[in-house]
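This report refers to the structure that appears directly beneath it.
Letters A, B, C and D mark the chains as written, and numbering starts fresh at 1 in each.
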Amino acid sequence: MIQLFHVYKSFGGTPALRDVSFRVRKGEFVFVTGPSGAGKTTLLRIMFGAEKASSGHILINGINLGRIRRKQIALLRRRIGFVFQDFKLLNNKTIFQNVALALEVTGANPSYVRKKTRQALRSLGLIKKEEAYPLQLSGGEQQRVAIARAIVKNPLILLADEPTGNLDPDLTREIMVLFRTIHMKGTTVVVATHNRELLKGTAIRKIYLEKGRVIKED
Amino acid sequence: MGKLLYFIRQALLNISQNKLIHLISLGTISIAILILGVFLLLLVNVEGWIKNWGGSITMSVYLEDNLPKRQIAVIRQALSSREGVEIQRFISKEEALIELKSALGPQSELVEGLTRNPLPASFEIAIREPKTDPASIKRELEGIPGVVEVQYSEAWIKRFRGVMRLVRVGGMMLGGLLCLGVLFIVTNTIKLTIYSRKEEIEIMKLVGATDWFVKIPFLIEGFIQGATGGLLALVSLFVFYLIMASNKGIFLSFTLLEVVFVPHFYMTAIVGLSSFLGFLGSLMAVGRFFEV
Amino acid sequence: MIQLFHVYKSFGGTPALRDVSFRVRKGEFVFVTGPSGAGKTTLLRIMFGAEKASSGHILINGINLGRIRRKQIALLRRRIGFVFQDFKLLNNKTIFQNVALALEVTGANPSYVRKKTRQALRSLGLIKKEEAYPLQLSGGEQQRVAIARAIVKNPLILLADEPTGNLDPDLTREIMVLFRTIHMKGTTVVVATHNRELLKGTAIRKIYLEKGRVIKED
Amino acid sequence: MGKLLYFIRQALLNISQNKLIHLISLGTISIAILILGVFLLLLVNVEGWIKNWGGSITMSVYLEDNLPKRQIAVIRQALSSREGVEIQRFISKEEALIELKSALGPQSELVEGLTRNPLPASFEIAIREPKTDPASIKRELEGIPGVVEVQYSEAWIKRFRGVMRLVRVGGMMLGGLLCLGVLFIVTNTIKLTIYSRKEEIEIMKLVGATDWFVKIPFLIEGFIQGATGGLLALVSLFVFYLIMASNKGIFLSFTLLEVVFVPHFYMTAIVGLSSFLGFLGSLMAVGRFFEV
C-alpha cells in the first residue's frame, strides 16, 4: 500500500510537486498522467526513495520513507519494480546481465536467476537479443529490456514511467496486457503516461497532475 | 563463499568489459610501482657496495722483531682462523722499508741515512665484520703472542659510518616520499577508472543493490589491478636488474661490483603494497558515489 | 533531395534494412513508420552518415554518402538537423550550451549564436530552463531540447526520430505545427514515428517499414 | 584568433565542468613530475658536492731549502695571484718533520736518528679548476723561481673522474627511465580523463563538428593540465628544496654541503615537458574516438 501525505518537492527553489496526497491500495492499478514537466517522474521517484520529498510523508507498506536507513531502502527496492523513463540500462552489460542483475542483488541462486531472466526476456520478445548490448538495440527494444528488468523479480509494487513512449501501438497493447496480468497476480501497479490510447476507455483510476498539483482524479 | 565467487566473477567481468581503461590504468600502476622498485633496487645495491667497500676495515698487525719463521706461521694461523678476518698480505721488514721509500717520494732522502731498519714486519688484514667494534678486535688481536700492535684508521671508520648513515637516512626519506607519491598515483588512477562508471553504480543502487553489493566487485577489481600492476612491475624490475647486471662493466667502470636483486621481503612488499593501494583507491573512489 | 538505391544494412549478420529504395524530394514531408525494431532509426542514421550502409547507395543533394570524406560528412551534418531517439544531450553542459553547440560548430559568431539559440529555446517553451543541465529536466523537456538543437541551424533537411515519444498530446500537436512551419520554409522533413495520432488523417506521405523492408507507401 | 579564444574558453569550461576528474588527474600529474623534479634536484646537488669535494685537487708545492723570507713571500704572491689556486697553508721544514713523525706513528723511530732535517718547506694549495689538466698546472707552477717540485695524486684524480662519470651516466640513465615512466603516467592519466568523455566526442561529431573542432579544446585542456601540473610540481619541488636546505645539518651530518636549487634551464624544461606530455596524452586519447 502506498500513501502520500502533503508531499512537496522542489529542486533548488522551483517546485516540482505541491501538496500531493493520495493513496494507492494494495493490488490497485493506477495511472498518473499530466503534461510534460507536470511532475510524474518526480512523483514516482519519490515513491521509490530515489528522491527525497522536501516535506510531507510517504509510506510504502507502512514504512515511512523519510525515516528509513540506507540498507532498508535497498531491501525495499528489491520488492519494487521500476521502469525508468530513460531506461537506465548498463551499456557495458548484455541484455541478459542487465535483467539478471535485478535478481542477483537479492542473492538469489544462479540457476533460479537464469530461469527467471529467460522467462522475462521471452515474455517481452527479447530472447533472441539476450547476448546483445543495450546500444545495439532499437529504442523500443531497450524500453522492453527496462520493463523486463522491472518485472523479473515479481515485485510487490510496479512503478512504470512512460513505459510505452518508444513502442508501437501493437506492442503497447501487449505491454498493457502484461501489466494487467501482473496486476491480476496481486502486484500494485502505478503507470505514469501521457499516452491517450492507454488511458481512454478504461475503468482504471487516473490521477491527473499539472504543475506539480493533483488537479483531478477519476 | 559462493557469494565471494560471484563477486570475483563480477570483478573479472567488469575488467574485461572495460578493457581499454583497465589496460591504461594497469600501465600507469605498474610504471609507478616500477619506479619505486628501481629505487629500492638501487638502494639495496648502493648500500651493499658501500658496506663492501668501506665495511672492510684494513688493519695492520705489527710483529715483534726477529721472530722465527715458525712463529710467524703460528700467528698467520691464529689470524686466519678468526672469523671475519682475511689476511691480505705479509709485509717483511725489508718490504716495509721499500714501500715507505716509494711512499715518501721526493722526501725519501729521509730513509737514506738509516743504518738499521727500524720498521717492523706486519700482516695487512681486512676485517669483514662491520658491526663489531673495531677497538675490541684490535684488543683481541693484540693478545696474540708475537704481535706488538694493531693499527687502523678511526677517521676512516667515522667517515664510512657517516656515508652509511647518509645513504640510509636519505634513502629512507626519499623512499618514503616516493612511496607517498606512488600511493597517490595508484589510488588516483584507480579512482579515475571508477569515476567513469558513476552511472553504473547509480543504476545498481536503483535496482536494489546494497552498498556492499556494489562496492565489493569494485574493491576486488582494484585489488586485482593493484596486484597485477605490482607483479608486472616486479617482472620488469627483474628485467631491469638483468640488464644492469650484465652491463655493469659499462657504467661501473672503476670497480667490479656485484649487482644483487632486491631481497624476498621487498618483493613481497612491492606486490603487497600495490594490491593494497589498488584496494584503497577503489574504496575511496566508490565511497563518493553512495549518496543515491 | 534524398535518394536511396537498394540499401542493405546488417549488424554482424542480422539484417536491419533490406533492399530499401525510395526518394524524398526537396521540400517534401515524409513519415517513416513501422513496429519496434523495423529499422526506422537505422534508416535515418544511414541518411545522416552516422551508419554506413552494407550495400547500396545513398545520395543527399546529389552527394554520395558512400564516397564522402570525413571532413565533408561534418559539413553535411551542419545542414541536417537530427532529433535522436535517445536525445544525445551533453549532460555536463547546460541546455543553452547544448543547443548553441550546433551553431558553434559552424563557426558562427557569438552574438548570432546567442540570438538564434534563445529563439529556438523560446519556440519550444524552454527558455526558463536554459541554465539547467539535461539531467535536471523531465523526459519531455529533454526531448524538446533535442528538437531545439536540430532546428536551431535552419537545416536544409530535418530528420526526427520518434520526436514525440515523451511528449503529451498537446505538446505533440505543437511540435507537429513547428515541423510544418519549418517545412513551409523549404526544409525537407523526415519523421520516424509509431505515434498513430501523428499519422492519422493527414495527407502526408508515409513509408511503412517492417523487418527492414519497405512494405507499403501511401 | 577569435576562434582560438573560443577554444580556450571551451577548454576552461570543460575543466570546470569536470572538476573532480581534472583535480584527480592534476594531482597524479604533479606528483609524477615532482618525482622527476626531486630526482633532478638530487642529481644536480650530488654532482655539485662531488665536484666540490673531489674537484679541488690538493697539490704540494715544495720549495728550495734556505729561501729568504722575502722570496717565500714572492712565491706566495705568485701562487695566490694565479686564478683557481687557493693557498691552504704554508708548511715550514720543522712543521713538515713534526707532521711526518705523527703520520708515521709507531714507525716514527725512523726519524729519530736523523742529524739534519731532509724535508723541504712547502705550500699546500687547492686547485678549484677541475677542467684544466692538473699536469699542465704542475708544469706551470714548477716554473716559479724557488719552487723545486709540485706533487699531486694521479690516482685520486682518476678515482674522482670515475665517480663523476658514474654519477653522470647513472643519473642520465635513471633520469631517462624516470622520464619515460613519467611520460607514460602523465599521458595515461590524461587518456583516462578523456576516455570517460567518449560520448561527448561522439555527440559533438554528430552535430557536425569537424575532427579538429572536437580535438582542439581537448588538446588545450591537456596542455593546461600538463602546464598546471608542471607548475605545481615546481612549487612543491621548491618547498622540498627549502626543507632540505634548512635541515641539511640533520642528514648531511659529516660535511657542510651547500644545497642549490635546479638551474633555470631545468625549471623551464620541467614545466615544458609536463605541458607537452599533457598535450601528447590528449592527442593520443582523442585520436581513438574518431571513427564515428
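Throughout what follows, contacts are C-beta pairs under 8 Å (C-beta built on N, C-alpha and C of every residue); 3 or more make two chains touch, one makes a residue touch a chain.
This one's a predicted model, so the numbers in the text were calculated from it and none came from an experiment.
Common neighbours of chain B and chain D under the contact rule above are absent. Inter-chain contacts peak for the pair B-D.
Summarising the inter-chain layout, the chain whose CA centre lies farthest from the centre of chain D is A. Rounded to whole angstrom, the centroid-to-centroid distance between chain C and chain D, based on C-alpha atoms, equals 62 Å. Inter-chain centre distance (chain A to chain D, centres taken as mean C-alpha positions): 66 Å.
Distance from the chain A centre to the chain C centre is 29 Å, each centre being the mean of its Cα atoms. If each chain is drawn as a node and touching chains are joined, the picture is one closed loop, every chain linked to exactly two others.
Interface note: chains touch in the pairs A-B, A-C, B-D, C-D. Within the complex formed with chain B, the residues of chain D that make contact are 20-21, 24-25, 27-28, 31-32, 34-35, 38, 42, 62, 100, 105-107, 109-111, 113-115, 118-120, 148-149, 151, 158-159, 162-163, 165-166, 169-170, 173-174, 177-178, 181, 184-185, 188-189, 191-193, 195-196, 240, 250-254. Against chain A, in their complex, chain B makes its touches with residues 3, 6, 17-18, 200, 202-211, 213, 290, 292.
Residues 11, 34-37, 40-42, 85-86, 136, 138-141, 144, 161-162, 165-171, 194, 196-197 of chain C are the ones that touch chain A when the two sit in their complex.
Within the complex formed with chain D, the chain C residues making contact are 48, 50, 70-71, 74-78, 80, 82, 84, 88-90, 92-93, 101-102, 104-107, 109-110, 149.
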